[in-house]
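Mind having a look at this structure? Questions to follow.
Letters A, B, C, D and E name the chains as they come in the text, with residue numbers starting at 1 for each one.
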Amino acid sequence: MTRSLRPFFDLFATRPLAMLGLVYLVVIIVAALGANVLVHYPPEQIEPINRLSPPSWEHWFGTDHFGRDTFSRVIYGSRLALLIGVGVVSFALATGVPIGILSALYPRLGRVLMRMVDVMMAFPSLLMALGLIVILGQSVANAILAIGIVYLTTTARITYGVSLRLREETYVEAANSMGASTFWIIRKHVLPNMISPLLVQASFVFAFAQLGAASLDFLGLGAPPEVPSWGNMLAESRIYITRAPWLLFYPGLMIVLTAFSLNLVGDALRDRMDPRFREMLGNRGR
Amino acid sequence: MLFYVLRRTGAALATLAAASVVIFVFIHLIPGDPIYVLLGDEATPEQVEALRTRLGLDRSIVTQYFYWVGNVLQGDLGTSIFFQDPVTLIIRDGAETSILLACVTMVWIVLLGVPVGVLAATRHGTWIDQGLSGIAMLLASIPTFWVGLYLILIFAANLGWLPSSGYPSIFEEGGLSNLRYLLLPSLTLAAPNAALILRLTRASMLDVAKEDYVRTARSKGIRPQRVVIRHILRNALLAVVSAFGFTFAALISEAVVTETVFALPGIGRLVVQSILRRDYPVIQGVILVIVCLYLIINLLVDISYRYLDPRVELE
Amino acid sequence: MLTVRNLVVSGGKGASRVDIVSDVSFEIERRKVLGLVGESGSGKSITSLAVMGLLPHPQLWVRGGSIELDGADITEEPPYLRVERGHGGVSMIFQEPMTSLNPVVPIGDQIVEAVRVHDGSTGITARNRAQELLEMVRIPDARLQLTAYPHELSGGMRQRVMIAIALACRPQVLIADEPTTALDVTVQMQVLSLIRELCDTFDMGVLFITHDLGVVSELADSVSVMYGGKIVENGPVERLFNVPLHPYTSGLMNCVPDPSAGHRRFQTIPGQAPKPGEITKGCRFAPRCRHAQAVCTTDTPAKVVDGPLHSAQCHFPIARGAS
Amino acid sequence: MSRMETILSLKNLQKTFTARRKGKTYKIHAVNDISLDVRRGETLGIVGETGCGKTTVGRTIIRLTTADSGVAELNGNDIFTSDRQQMRKLRLKVRMVFQDPYASLNPRRTIGDSVGETGDIHGVFDSRRDREERIARTLEQVGLDASFANRFPHQLSGGQRQRVGIARALLPTPDLIIADEPVSALDVSIQAQVLNLLADLKDEMGLTMVFISHDLGVVAQISDRVAVMYMGNMVELADGPGLFANPQHPYTQLLIASVPLINPNKRVSGGIEKGEPPSRFADVSGCAFHDRCPLATDLCRTTRPELRKNGIGRKVACHHA
Amino acid sequence: ETLRYATIGEPPSLDLQMGTATLATTIGQHMFEMLYAFDSTFEPQPFLATGETISDDGLTITIGLREGVKFHNGDVMDADDVVASLQRWGEFGARGKLLMKDVTGIGATGPLEVTITLAQPNGAWKSMLAFPNGGPVIYPAEIVSAAAGEPIAAENYVGTGPYKFSEWRNNRHVELVKFDDYSGLATPTDGYAGARPAEIDTIRFIPVPDVGTRVSGIQAGDYDYAEFISGDLYGILKDDPALKIHLSGAPIFGLVFMNSKIGPLAENYPLRRAILTALDMEEALRVSVGEEALWSANGSFFPEGNIWYTDAGTESYSVGDPEKAKEMAAAAGYDGSPIKLLVSTNYKTHFDQATVFTRQLADAGINIEMVVVDWATLLKKRAQPDQWDMFVTHHGNIPDPVLLTALNTNYPGWWATEEKLALDQKFTGTSDLDVRREAWAGLQSLIYEQVPTIKVGDVFSYDIASPKLGNMWDTSLIWPHFWGVTK
């Protein structure tokens, strides 16, 4: 454990911004888990008398047009953000990775699968997500599924690329020469060596899932708006841009910061994966 | 070369054929019915049935599909249920906006992404680099409509410098000056994409800068600027060019949100609206056209790639 | 002509600083080939890059010593500044002919680029010169090959193109960093003889870097042996190979397989070479040396000489000490 | 090296790759009609320049590459026609050592896991203890401490990694090892250590080995017999010392003359001017070496010479030797 | 001069006979005219007609037509055109059946005279002939007969109005241009009645879906008029010198329909009343509209002052008593099982109201399960009785209760109890206004008893316009119109 974590700390030590991003993400996770403790208004409590009131001691981030507490909704929103992020990433990985690996290891199957992925990629992604939502109905689960399918393709592509490369690695060849089965090779050689690129991909997908969900919300087809998600908070309150700017500011800030942090972390991870960067850090590979 | 293009075109057509089936099935999975949208609140069941028959929606999906494909092959994308206009005409009108928007956006992306990426790469590791990369990532993290709304508020409503929304065709009164209508939308759309291109340019510049042949170039005694431009940038752009293709294609669909915010008559918004009102022929037509565009652009990128990089075989 | 004195190249800053090349001195004369041998990681390439003024800043920099060419100090002066300031030329051929040429630029253009800078000629003149250079490195159909892309050439041809580029810079000193390692033996011989020949034709000195003792022995006039960032022995080629002073030199010679020797066990040097910064005290070879004694791990060995040109850094040189 | 039983026998091995260049399809005869016997306990060297087909020969033996035609028999069992199960067993008997010791070790698996991998795949270990003991023993055989089992490849030096590569080929004990340029990525001083190790193992365990290398010096010193390849053809086959003392094929002669030796009296001369090996895309008729050969005649340009015993009892494929 | 009107979206067909879309009416009324038009007190006045004579039994109506009224295609309107238009509307039109069930014949009894014969007296006929939304606008006979049941194609948009159709470019605009040969009335403009002088040459209806953009567009001077601005912006905008606010005079009201066919609410009137009792409409209106000036919690289906206004039954409106509701629900045998509320996000107001109701009902222990879908799906789903228990929609202003969707037995909800049918018969079977008003009061109080639908409250939408527009009305009657307006 320490062995595998160490380089990460080294990495973040050299990148203060990425470190900040990481800290922010941890804070968000804690906030999401402890939302009930952190806020003193239930996020769905309506107080029409107090609607659209600016930030105050009572309501730190003000209230929305229902008179709901924005702070509590923002905090609860992080739950949905996490849920969407984790959901989309899991879905994309759980489907994209097997497709990518199998395509690389079985070229004949791969030609068919990758062609299908090509076809899917040719579809404009946001429109595809939108269509899926309309087909499946509006719910958080369906939003996750719709965005997940969009990123299934890129994940499959990346996995495919990495697997193709790994397939040519000498150690895979070596395992082959020992009589290893395909399953063995996937389990012992391909998957473990794919973790870094997948981690990077996951962090970007997580970030883009937030933005994608926000776009769907904007078009009125995201998660049903009674669930506080940052995206639909933004979308719902965009008409108050002049009247109650805090309604756009806080959820917007959260989306930006989260996506920003994830991008930073992803970027740092990518640099770490780059062997040349590793060289600079001193543990020269070859 | 010709052979290659033909082969690739063949593959693209196969993809297109597969895509057409997917589009069709996909669209007919969408619940709801154009009939209700069209007839409104007071329709009687008989009216509904009559219209359904007239629109051919009572036939089986397979029949409808082949009927549609047959027409498409003759260049007829059908008639909009909602507008009663030929889909081709509707798309042609929207395509001008969307493609022009994508082009102007591309110009921004290239003008902002590439030089700034080069700057960041040449100042690698300094605060300039980190600042630029940070800003880029920030831009990539902001929801588009947020940017759009604020741009309208600032530049149109408050300062009054630019029009807030809409886009009159450049072939109509106003001519090319109508492009100013696309300024704010294209900036909105360009922001995240330019950021991605910037990062890609920077990364591949740094990659190429470590190549042996760059060292060879330096050893010849040519100036650093020339090394950057002729040896590093040229090779770095190879990676960026293929991203251009993807970006361009992606822009057309990403524009959905931008077109809605800025009330642009583009095909992105058209298709969203058509989905919402179940105008099947338009949805099918637009998506088919977008898929075609995507395939054409990728084909062009691949071909140009093969021109730019002599190592790649025209298989 | 080219004089390197007490060159120290360091990497890292502050506490993590390590000297990758320490206290390296040598001279290169006109029409002479100096062989620089040593195992992987001993600092040969870094030395040559330092001489070229092409160290990868800011990771590596020259911490001490000087590099002079015909009396002008060219330390840490990148090639383009050397051209601007009218200092003499040092050119370099790199180890990997496959990756050292820009893959998307025709080789003719790559040569012309160098010709332009160094001759000031342009257009057709520069092109003719490039063709002339290609002929000089014996590329058949030089005229046609000007428009060829690197990937269309074989390894040996590419290395010749590299040499042509180097020559286009009108160098006084040519550095060849393992130019033949990636080539087959038969081709290697051709390239070596080409270098030898050009060295006379162009009246230039050559610094030839290799890990192959056989190659230096056949090509070089004098040899420097590098170990752990230092030069442990140098001398004229016959002296050095006939009477090596440093145990490392002799150990290395015994490791080299010889097809005519038939079956035999190799004499080996146990252990492995130190990483930069691993050993800072005493003789860097001490842990692997059969003759090492306590003093070797504590004191830096002094220079021992054997004749005017042959010297080594060792407490117990072979010729005097054991066997 | 007296008459001994044949462990591996190759007959008329043929492998052609197709490649496309500039829109045209080329056939590359990577291995062109090669027949060869490997006897138990011997080291057979294969030398030749880049791209001459050495690796392809090695790979076809364990069917990492499928041969186009020909027969390969291991202990009398036909390799090329064996089914999946037989192939798995076969791969327990014939093992490979790869050129690049770093690339051939999975960076995320411990040395112990890599060494024990063949055993794990085939389920040869009785228990964890048995596994650990045998891995430790094998590591010791190649001169590494048992504690290396818990390390990762990046913590090892090049020489140590190659020892691991060899250890991996030894557990469980194989009938035949195919070593494809096992030392060419190593420094001379390390190379010597590894070559000694291979020689020792051979003596101790009676290993049979096909040793592939482009380095004549190395091959000479480790092999009992040497096959010289040129452009997919085997041009000469001889016992080690004999080959170098008295090369028969003009190509072998060129090769030997080109080896740089530590001999200050031998200086680089302008003598060798005979061009490079032709591109593998070119279709050569007759003797593949004819365009570089000082002895070439019209016969060489038209007819491919067979490998046959010549006057002094050496197998040579040349019309003039 | 061009007047640029920023619309909320794109209209479906502009064939006003066939559809009831508000936007289609807003645009179409500039092109198409009717026999009658409402004046500012919602009294139908002769428009293309010169007047009518009604037989004593009330079963024969003879309508005279104006002479020399020109269609945009140059033809002159005569009785044949009117008859064809009325017949088509009666057969295929969106609201035609409501009148036609009583009509036995429509015929030309002179070049400029049309006679309608009825099977029984009908009190709503004039209003219906004056109501353009899904109403009998007059087209040339040849166009009508060619179109029959189909919506008229854009190139055949030929009417008699002061503006004629120019072009329709999807997502860009619908353009109308001044009709130079317009033959209008000379009487002063009064509501939709009277003169309709076209002052501005061109009117463009431009879809601008985002409300923020519509506001910014007016502020930036890109549009002259923008419709449907959010209530919450009212406070800011009413003081903005860069624009003027125009309130709609006719409120729109939200309706929550209940499924009378199947499901837990089908015949359980006590439970329906429990639900009604739980709802506090003021909260819902405040949340969904905002500015108090723009809504009124009015339980009557017509605003005060309207001839159809009555407070019958409205004591049950907006009670907002969760405790009582809980008791009532228990008494009704409600077991806590979820009630499916169908709502779309396309209309923010619907969604906001549904959200508030769900909360309020939760407080009363009534478990609402929101089913959120897009509008097109909702339209399809609500036609399937097994898909929903309640759904949210809205209703535009109407001149006569016959046009109320809730009274239409075919409309989703399918309210057709004996009591209702009896009252309905009483209501439509006469042209005596007093009898009809009494019947309507009975119907309204029955609505509060059987709760086939719940009225949320009146909402006055507002539009904004550039101050450059001159001679503008302050509040629009129902749909904004631009004859008489200058720029």
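Quick note on the criterion: a contact is a pair of C-beta atoms (placed from the backbone, for glycine too) under 8 Å apart; a residue touches a chain by one contact, two chains touch by 3 or more.
Keep in mind the model is a prediction, meaning the values are calculated, not measured.
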Steps needed, at minimum, to go from chain B to chain E via contacts: 1
Farthest chain (mean CA position) relative to chain D: E
Contact-richer chain pair [B-C vs A-B]: A-B
Chain whose Cα centroid lies at the greatest distance from that of chain C: E
Separation of chain A from chain E, taking each centre as the mean of its C-alpha atoms, in whole Å: 46
Where chain A and chain C are represented by their mean Cα positions, the distance between them in whole Å: 50
CA centroid of chain C to CA centroid of chain D, Å: 31
Centre-to-centre distance between chain E and chain D (centres being mean Cα positions), rounded to whole Å: 89
Overlap residues in chain C, where contacts from two or more other chains coincide: none
Contacts with 2+ other chains: residues of chain E: 210, 212, 346, 373-374, 377
Where chain A touches two or more other chains at once, by residue number: 134, 137, 238, 241-242
Complex contacts: residues of chain B adjacent to chain E: 31-34, 36-45, 47, 50, 54, 80, 82-85, 90, 93-94, 149, 152-153, 156-157, 160, 163-166, 168-169, 260-266, 269-270, 273, 276-278
In the complex, chain D residues that touch chain A: 62, 64, 87-92, 95-96, 98, 100, 102-109, 114, 117-118, 121-122, 154, 158, 168
Contact footprint of chain D on chain C as seen in their complex: 39-40, 154-157, 184-190, 192-193, 196-197, 211-215, 217-219, 237-238, 241-242, 251-270, 272-273
Residues on chain E engaged by chain A in the complex (per definition of touch): 210-212, 230, 232-233, 235-236, 282-283, 286-287, 290, 345-346, 348, 351-352, 355-356, 358-359, 370-374, 377
Chain A residues within the chain B interface of the complex: 17, 115-116, 118-127, 130-131, 134-135, 137, 207, 211, 214-215, 218-219, 231, 234-235, 238, 241-242, 248, 252, 255-260, 263-264, 267, 276
